[in-house]
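Shared between the two complexes below is subunit A, which has subunit B as its partner in the first and subunit C in the second.
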Partner chain A sequence: MRPLTDEETKALFEKVSKYIGENIKLLVDRPDGVYCFRLHKDRVYYLSEKLLKLSTNISRDKLISVGTCFGKFTKTMKFRLHVTALDYLAPYAKYKVWVKPGAEQSFLYGNHVLKSGLGRITENTSQYQGVVVYSMADVPLGFGVAAKSTQDCRKLDPMAIVVFHQADIGEYLRSEDTLT
Partner chain B sequence: MAACSIEDVLAKVEKDEAEILKNITVHKELELEFDIGNLAAFDKNPADVGLFRKHKKEEFLRSLARDNTQLLINEMWKLPTERVQEAVVAKLPEPHTRLPREKPLPKPRPPTKWEEFAKLKGIPKKKKTNLVWDDVHKEWRRRWGYKRAKDDTKDWLIEVPESADPNEDQFARRLKAKNERVAKNELNRLKNIARGQKVSVQVPPKDQSKAELGKAMQLARISTASVGKFQDKLPKEKPTRTVGKKRSFQPLIGDFNMEKQRQLDLLKVMENKKPRMNVTRAVNRQMREEDAEAARHKKEGRRGGKGGKKKGRGGGGKGRGGPKSRGGPKSKKHHGK
Partner chain C sequence: MVYQRIKDNIEVLVDFATKREPGKQRSDYLNLLKHDLAMYYGYNTFLVEKLMDIFPMSELIDFLESNEVQRPVTIRTNTLKTRRRDLAQALINRGVNLDPLGKWSKVGLVIFDSSVPIGATPEYLAGHYMLQGASSFLPVMALAPQENEKVLDMSCAPGGKTSYIAQLMKNTGIILANDASAERLKSVVGNLHRLGVTNSVVCNYDGRQFPKVMGGFDRVLLDAPCSGTGVISKDPAVKTSKDEKDILRCAHLQKELIVSAIDSLDASSETGGYLVYCTCSIMVEENEWVVDYALKKRNVKLVQTGLDFGKEGFTRFKERRFHPSLKLTRRFYPHTHNMDGFFVAKFKKFSNTIPKMNTESENIPAEEEKTDLSEKASSVTSGENFKKDKNAVSTSSENQKKKISVKGKSMKNTARVKDIKSVSAKKKETKEKPKKGKLVKNKLKKFRMQKARSKAPQSAGTV
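Moving on to the complex of A and B:
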């Protein structure tokens, strides 16, 4: 386990700020405790300093996961956000998409959100903006990338994709083995 | 009998002596020219071609060489001699034959940078006197070199100037300045030579980027006998982060405040780099506003026909409130961006 280098931190922040914008400052600088990001086996974990100090007692090969896994760095040093970060993205999300109850299950199976399943969308979402997907009951389901801006969404036909799927909470069951 | 034998003996001795003399003396028509300094003898006698052809050539040449060498050695015995460690040594005179050059003529020295410039500008060379009058010592001293006229490092009293640090050593300062001048002069001299020879001297290139200079500085710092272990740091030198193949990371539980500060700074930099106004968003916003205007005017037009001003204004107010209320608070937040 080690802290992130500057380049890795930059990549992480860029990815996360796509979804929560400048609210990432609230993750870095928290009033209720000191939290930090640490890298372990190419995965980025977000944990409190108390937990960090406890985790130093476990050897590297025996340590599987610490705190919350935000995502992992690929071999080419690109950062990939996992669904386990949803708990921290959802409250600070800038652009939200609400999905109708019918299309909810489809999204949780890993499909993209179509225009027919779109309930609400925040105003002036630009195209390819990172969005967090909610159900109509304001339960965060996952996150994705807006395929069209809000303006264009109004003029689409019902079978067009409005949100590309990136991660959903159904992954907790589907990819149980790979998530740490 | 004895007399006969004595006569015989004397005759024999005479004959022997004649034989020896014959061996030593050589008869030549033309005297040889000798250059004893080069141990050379020049025989101008025309060679007897008939004799050369008739007799065996080897024999003729050998006898000729033998005769000439005999004459040369006879000349050498005439030289003044001295004894050097049980050997008789003859003192050779100066050679007077001009020999041709062994090596080619040396090339003229290539002009220095100043000489080229002076030639270009037409600055003539001014002859300077070697001795200059030194008023301090009241005598003639040389212009440069040992005990020269104006040597500021040799002043026994130096006034501290107004603008200087009072704790600075003025003598050391003058000495350092002189050393720098000497080093600079030496460097220029070497550069002139290098330019003339067109040899690649390791002079550092003029335009180097910041990264290259930093790298050069690091290499220079470790190029000592103890690989830079006892090398003092420059006043503003930052510690190197990545040296060698091993990557070095921050400690696992380091200063959390510092880490937080670094991350916040990074975020600030990222925010500044992002463009503040997005063109498409601005266009979208403009389009939305225009749509809202159009809708409002349409409603006003319909209501205005029926009711009075009040209703029109009310309808307009409602119309104005309507489309904007959907994205009201949220859109207002993003106007700043």
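Moving on to the complex of A and C:
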């Protein structure tokens, strides 16, 4: 386990800020203690200083996970967010999309959100903006990017894609092995 | 027909003095019953024999019957994310029929039937609840972790108990979740992330290495690997696949684990210093015996588990005598509590020093059993138990005996005294005699006990 290099930090923050914008500083400066990002086996973990201290006792090959996994670096050094980061993205999300109960299940199976399943969407979402997807009961279901801006959504036909799927909580079942 | 014969036999055995056919020995009845039960319920004779030792005749059938039916599906509300009332409402809206689990749990719900798969609802995926057997709540409730503590879960897969600990600690402090199997840890990581547990470190050590990796924990939960005789309804393969060796192998591993668990505790912790030991087995070898071993080897004592139901652990079992404080441990059975068979013991560590073994008991411990799991090892240990208990009982005051007789268990008391008297003779015999002889002897003893039992009501006053 090691701290992130400058490039890695930049890649990570760029990605995360697509969803939560400047709220990212709330993740780093927290009133309840010091939190930090650490890299372990290509995975980025977000953890408190207390956990950090404790995990130094554990040898690298025996350590499976610490704190919350945010995502991983691909072989080409791009950062990919995992659904496990949802707990930290959802409360700070700037742009949100709500899906209708009928379309909930479809999204949880890994499909894109269609116009027909769109319940609500944050005003003035621009195209390709990172959004967090909620059910109508305000349960965060996953995240993705807006395929169209809010304006364009109004006049789309029902089968057009509104949000491209990136991650959803169904992955906890579908791909438990590769999650972290 | 077999079932009828089982019923008849049990009826006779329960009231042996009056209902027996003249000339027939009790052991004849028992033998017949044993084979009938084994055939009717599909167990091997070894396991039936063990069960007959644990349960009185009247309960035995109830137990075997309840192993044939599934336990109800229960879920645990994740209070890190939601409240039980909200969750219940959300699930009812999805067409799930449910009820609160019981007075003893504020987070449990029982699922009666459901039109949707309960392990794949959006609420489940969002981490609002965890599918978890009712019996798995108990060890964590007994552990009662406090906020800002350092807790070790020694064998955590699949993470149900670990996440319950996190939820009781409100995501503060630190939880070290360990499991020996890397494969099973994947589900732990998934579950912990799904349930929003952020204070955990997951690692993959063998539990026995533990005080070396790190120690100084406030609380430790040891959910030991076991033979699974409490969860036969879940895994019927247990009925036939276990024999004496398997049980003793488990017991041996458990003893190693419990010692390293105790060693990784910090006795001087202000809030803690507690260990909870639990298994999903009902075998005495894996439960009371292991606990008794720990009491002898380390500076720990048993304390109240904080669970107000369940049956008391055995303080005496066949020829073995355990520490009297084993009454504080709890046993749970499928037929009486409608949850998986389970055993919970809570220890408090009162000193960090490891007591020196005296020479007498030095030949019992782990090493010997490792090489020789069979008859010899067990009979030697039981012989040792005799010796110690003889001393213990004779030194312990009269009060103890009085207490027991007041509870109307006077016949047990008399049997115990008898046992102690014959201890020195028996000790030699158990060492030398082959298995068969021992069995016969046990049965004879049982027969004698039964006689005593029938006399008990009259003699209760006099003892």
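Assume the second predicted complex is superposed on the first by the 180 of 180 C-alpha atoms of A that agree within 3 Å, B and C clash if a C-alpha of one lies under 4 Å from a C-alpha of the other, contacts with A are read in each partner's own complex, and residues count from 1 in each chain.
We take it that a residue touches a chain if its C-beta (ideal position, glycine included) is under 8 Å from a C-beta of that chain, and two chains touch if they have at least 3 such contacts.
Quantities reported herein were computed from a predicted structural model and do not represent experimental measurements.
Enquirer: Since both structures carry subunit A, what do subunit B and subunit C do when superposed there: clash or fit?
Expert: Superposition check on subunit A shows subunit B and subunit C fit without a clash.
Enquirer: Applying the document's definition of touch, where does A:177 land relative to subunit B and subunit C: first, second, both, or neither?
Expert: After superposition on chain A, A:177 lies in contact with subunit C alone.
Enquirer: For the superposed three-chain arrangement, provide the angle subunit B-subunit A-subunit C between C-alpha centres, rounded in steps of 10 degrees.
Expert: 120
Enquirer: Pick one for A:25: touches subunit B only (first), subunit C only (second), both, or neither.
Expert: first
Enquirer: So, A:161: does it touch subunit B (first), subunit C (second), both, or neither?
Expert: In the superposed model, A:161 contacts neither subunit B nor subunit C.
Enquirer: Would you sort A:145 into first (subunit B), second (subunit C), both or neither based on which partner it touches?
Expert: It touches nothing on subunit B or subunit C.
Enquirer: Quick check on the superposed model: minimum Cα to Cα separation from subunit B to subunit C, whole Å please.
Expert: Minimum over all C-alpha pairs: 16 Å.
Enquirer: For the complex, which residues does subunit C have touching subunit A?
Expert: Those in contact with subunit A are residues 90, 119-120, 122-123, 125-128, 150, 173-174, 176, 182, 185-190, 192-194, 196, 198-205, 213-214.
Enquirer: Name, in rising order, each residue of subunit A that touches subunit C in their complex.
Expert: Counting only subunit A, the residues touching subunit C are 47-48, 50-51, 54-55, 57-58, 62-69, 84, 87, 104-105, 108, 135, 137, 139-141, 169-170, 172-173, 176-177, 179-180.
Enquirer: For the complex, give me every residue of subunit B touching subunit A.
Expert: On the subunit B side, the touching residues are 249-254, 256, 259-260, 262-264, 266-267, 270-271, 278, 280-281, 284-285, 287-288, 326-327, 330-331, 334.
Enquirer: Flag every residue of subunit A that touches subunit B in the complex, lowest number first.
Expert: Residues of subunit A touching subunit B: 1-3, 5-6, 9-10, 13-14, 17, 22, 24-25, 28-29, 34, 36, 38, 49, 52-53, 56, 122-124, 126-127, 149-151.
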